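For reference, the structure discussed in these notes is given below.
For clarity, chains are labelled A, B, C, D, E and F in written order, and residue numbers in each chain start from 1.
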């Protein structure tokens, strides 16, 4: 059962990622695209966790954790760039 | 300490550079100079000791105690120790020259020079292909930092081209590494040479692709046509001590070609034996030609020197394609000679340029030099040496190469005319340039400053090699012959290089 | 899977190389970054592709080739350093040369022959 | 006494004038003369043995690999030339003492002169082909220096360059010729070569070797068509002309011909090339000499003509002709050197060398005039003077050859014609200068020179007379043994006497004399005739050709290297493409035997994301922000790919690097122009797409071919030894810090140096700060949004904890110093983003440069620590410890190494950031200001 | 040295220790020691970058607040899912200006975060004087009801927790 | 494996997958930026939460020790998601992203962009 569930979840995640990409490519505003990228980061965390469940391993946990941390930093930096140009002033 | 001798030419400059970046040395230029010189001299000393040590036999330094082919090894044989010595010597002179004032033009000159020496020595000593990549990157990143030293539009622009092309080169290097590892399953150069003949047909084609990509990479480093474009602007723009040290950088590419295309893809490589040489052959001649045309076209001494570097590269490539032990030996002698004299020329260009005021080292009318006799003698010796005019070292290398090329008429009919013609053009270009630099005076009565003794010492040190290499030509050619012998007879040395046997 | 992987590597190289041939610094930097992705994937795969074989002892029955992974890690770090340098160099070029063209000077604007004729 | 001293003394003597200049000019001259005189003494000492027919030689090994030995040879031919070189050299030293003006640096002049003398001694005495060539080149160089002695004169520089170019080219040809000869003979030893005449002449390469050698000889001896440099060399001080351009250097070519006469002559090619060149030169020189108004110009062309005469003699290829050639070498040296010196005296004392101004000098300097007239008479071939004797022999020999078949009569006729011109220009030299009315507009009133300046001329003119009147007594022996050396043994019977009875040669001489006087008498018509031809200045032509050559080189160079990175990059890629194409065509089966992995939806999705984003980056590279975002997607997918294929460490690293890179790019974008114009023409785009597609295709193909084949690698070793030898179960990390720790040391060095370089780049950067974003909108004024600041603050400890976690577990599980360092850096960067550089700088006063240096230092010292235990660099150490209550834990040197990595990464990243932060000024509109 | 120097953020330290143990999934004594060490060390390193924030006065209430928030998040998700998947024509987005009573950076941030995490609202902007929070609502029917709900459900407890 | 455990994990995973998908659907489907901002910010928190709890449960079972470290990711997401949303909204305001026409109280936008109190709201306090 779990295997089927995992397949389904993987499927939804894939669709979600493709939708994110669609938004990222489509825009129309840069904020839309950043939002799409941010969502993509979060969805890939899900992807990694599900992969970990699939393989019954915690080896991908750090990667997921790091995406959470880094995705935030990168989204914020992008916003700051659009707001102020210089992100570390 | 002698057991660790092979690694010292890498570690000493590294330690020196690091200490220079830390207090108490980082605070004062005077202390930086003293420390940089000290470490450079120590490196030179250890290089000398290493050279002496390996006369007893190839020295293998097994890093971390992990036996080859699994761990990284440093291999100090005739060839690598000679080049390490050359680098260290060049390092000393560069730093000596930099102490004459160039180190005031920007931050971190001395540490960067030391890092560069470390990278070059590492590239010469390592016996591992990926480690070679790493040291390539060390010497490249140091060279990027050095190239921009002093600032200015010209440097920035030259740097961008240089960096961009080299980044592409590094990418190709990694692809080549990927291919070779994926086919041979090892990174140790000696181990690779044992594997290459046993490949299946398909793998052989792939390994050939990997090897040829390496040719692109090394060709880029060596400034082989059509990959030489970065050289002129970079060497012309670089600050003098930097350009002097850069004189050895192209030689790293040449050295790597010697190592890879006569060891890995050498005689024992079966189908792939000497597979790169047919490609190098026309390019060597074209490189020589391009350098020669460039030399004639040069409008200042730095450009001329840069083109002389290209010519030396073309000549060395010819030594590679001739494939014989005699040619390799000739090439090695020529390599040492050309490196030293080109370095000296870059330094001289700076010295001359500073005394000529606005005209700098451009071949135009200018005010009188402050020290025409001193610089004139230095220039004259350098010019004769680089043009291959006896009695200085240039002619020995050239004649050796001509002799080596005489073994096959097909090679001779190309090599001889081109090499001789190129010599003639160099003589013409140097005569034109030299007479203009030293003899065409404007009415400007102002005088520049006298050259600092540091700088004169550096140039003199380099140029001393010109007569010395001829006087000691006997033992020196004997040495290069032995080095070539080691290079061409790798199977004989495998028990030393892979004590545990191939993987 | 292997075909898909190799196609991706090829496509990344394609896009990267195309961008490296552009005339402004930023696309070149983008291109070099794309190429370094391609190269890292390429080098990584020289140990072949294995699922569920993390080279951590005790984590499974079989292990992927750890050596290419270590090499790629080194390559990533070095690539990062190099990219950082060229990015700042691009800024410096902009500062020193006044534009972002890779050649340091703007190419002459295209002047159709017809226009020149009119000017005369 | 070693024969070497003959060569060594003048070589050392080069330094004498430089050292003795401070003792005054006369002393300098005397000191300078000392060593050459000593050398001459040695020669004279060895002379009896040589005259007895011995060949003395002495050899030292030098560079065996090259075939170069230091080998000295003294036979008849060498003796003859040594006497000329050293003897006339000494006279020139004396002469130059008075010739040079006080402004001229005497030390420099003498140094060059002695250097030249030594080189000439080296050339003639060499017993090794390479040694000969070495000194040959040295003569070119020292003559360049001498011609260029008055280097402030453009004439001198140009003349010197021209001489150097021509003789340099000849020297290289000679080298090739000598190498070929040595290759044929198998030895560089002259003795061996001279004994292998038949081998040489029969070798297929003989014509090439001969021509190359002749090129060397002809350029040096100013033979047609290489004669043009010699008149230009007259820009040199007259002692130089007298020494180099009459007596010695130009004779080096003749020497070469004579030296190799035994092995190269005796073929039709020899006669045709040497003889006809000599004949042409003889005629041309003699004819032009007549029209030169410059005294030295006349002498220069006369020299060319006489050199042609000697060459012709050698080319005639008869034994007697060779003897005559050697005799004329001596004679020409004596009369021409004295004539040059006389011309120098005239120039020196009257200020002009123009024969149109110089008239009637007999009244002003009768002594000099007498000497010059005797020498000129010798040049013309007047009986009782040495010139007559050799010319007579020459005429005789022209009659004795039949190589040209039915045209053979032409040679004596043309020789006589040349004789006519020789008499004419000699007459002009005498009449036009010393008589012919009064001087016109001379800068100075002419008078006799200082006493000692005339001595050399007197000596030489006396010699002319002695040789002319008592030839057998004076030079008979020398000539005989020199001829023996040239002819290789047997010397033909000849008679060195003034009177041979009435014969055809005497008739030719009489014709020449009468004809010469006639021509001179009617010179006005001849001058008028000659005036119709445009005057070509060889120097100008040469310079023009050079300029053209340089211009051509420049345009070729510029066309190739146009300074366009796009082109360089294209060529680089094209080169890679071409090189890859060949092996790929050999690759018959792309796919290998390894079973492929199945594909599932996730992988297809990832591939789709990757490809679409990469393409979007490519297509939208001019929309910079979008390209950056799509690039981030690519990076994200790449790291997920690493994770999927069992490389969590790589995934972590890629992720962290990805974000830092993105931030860096954002920082750069702020300063880069906001609009990227569309400027690639469609054709360029198509071309680039083409090469990119092909190369991408190649790379993909290779990748596919590789990963579908099985692999046997060294990695089993790492898996087997990671735990037991490296103390960690994360094999990738153990490789990084232990098995291949040296790579990592290099890697962090790269990172550190990159940061230093970037710091260097930034320190001097002056950038324009855009006032608004791409659409021209002014920047927002909220510098540090409050929410962001607050959350970032609370995230920092968490992030640091995570980084500590990643650091500490790296040896056994995914993680390690590098990733931990990047996480720390990102956490700190986040603080920069939230609070700004100034705020951080005020609170976190860390010297990042020190951090980098200490990081790398820690790693290095960890590696060196193993030395203490006698292990090689970077040998790892680890152990498990057990503490009560806490339990078992592991300590490893790898941790310390990794700490170095960690510090370097943090230091490097933050150094870059912090220096970038200094770029912006604080004077941008902010919220606080507007309130 | 004062306690404030050695232990600048005691609560943070405690939290960090917990997080450390969470990260390592363990209660092994060695890890506790190590965690404690890090929990002491990291705040020390971070101290210079810290700005003073109001203390949590009523931790229990905070815990309750957190649980309520969790519940609200679940509800918010369902709500949003319904809106997202439903017909979009009926969607009525709105901007709302929320007058703030609480003060202090941390409380305001927490309130804004709460608003963003809960049903159909996102905190978009804060006025300079920190008196107004601009909120975007995905589907708004009654503005005053929303304001009142936020004030009573979140702002008031926060005010109490931080006693400001 | 325990069937109940499997069921629980499966349900949690399905819930997670559903909400993640909804978040992305919203991102793709909703009409303007401000509305799009809502869906991922919220949906992903619950979606991720569910998936992480599923992982926690499963891993605890697999390894025989309580595996709680997934909580950390949730914690990170909960802390950061509102800030990201806030920054994005701020940026959109600054960039004058076009809101849906029918959005209420559009007159607030200028003052929000300038971070000023709403016009005519001085009477507040």
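Things worth noting here:
As a convention for this text, contacts are C-beta pairs under 8 Å (C-beta built on N, C-alpha and C of every residue); 3 or more make two chains touch, one makes a residue touch a chain.
Predicted model, so just to flag it, every value in this text is computed and none were measured.
Graph distance from chain B to chain C, where chains that touch are one step apart, equals 1. Among the remaining chains, those touching chain A as well as chain E are D, F. Between chain B and chain F, the least number of touching-chain steps is 2.
The interface with the greater number of C-beta contacts, when A-F is set against D-E, is A-F.
With chains reduced to the mean position of their C-alpha atoms, the one farthest from chain F is D. For chain B, the chain whose average C-alpha position is most distant is E. Per-chain Cα centroids separate chain B from chain D by 16 Å.
Look at where the CA atoms of chain B average out and do the same for chain E: the two points lie 62 Å apart. Look at where the CA atoms of chain E average out and do the same for chain F: the two points lie 14 Å apart.
The set of chain D residues touching two or more other chains comprises 563, 565, 569, 573, 604, 628, 644, 648, 667, 669, 699, 706-707, 711, 713-715, 718, 739-740, 743, 747, 750, 753-754, 757, 761, 780, 782, 785, 787-788, 791, 795, 798, 802, 813-814, 916, 927. Of all residues in chain E, those that touch two or more other chains are 19, 23-24, 112-113, 123, 126, 128. Contact with two or more other chains is made by residues 11, 13, 17, 30, 34, 36, 59, 65, 69, 72, 76, 80, 82-83 of chain A.
Here the touching chains pair up as A-C, A-D, A-F, B-C, B-D, C-D, D-E, D-F, E-F.
Those residues of chain F that touch chain A in the shared complex are 1, 6-7, 9-10, 13-14, 16-18, 20-21, 23-25, 27-28, 33, 36-37, 40, 44, 47-48, 51-52, 54-55, 58-59, 62-63, 67, 69-70, 72-73, 76-77, 80, 83-84, 87-88, 90-92, 94-95, 97. Chain C contributes residues 20, 25, 28, 32, 35-36, 38-40, 42-43, 45-48, 67-68, 71, 74-75, 78-79, 81-83, 85-86, 89-90, 92-93, 96-97, 102-104 to its touches with chain B in the complex.
Within the complex formed with chain D, the chain C residues making contact are 1-31, 33-34, 37-38, 40-42, 44-58, 63-67, 69-74, 76-85, 87-92, 94-95, 99-100, 102-104, 107, 110. Here chain D touches chain F in the complex through residues 777, 780, 782, 785, 787-788, 791, 794-795, 798, 802, 927, going by the rule given at the top. Chain A contributes residues 1-2, 5-6, 8-9, 11-13, 15-17, 19-20, 22-23, 29-32, 34-36, 38-39, 42-43, 45-46, 49-50, 52-53, 56, 58, 61, 64-65, 68-69, 72, 75-76, 79-80, 82-83 to its touches with chain F in the complex.
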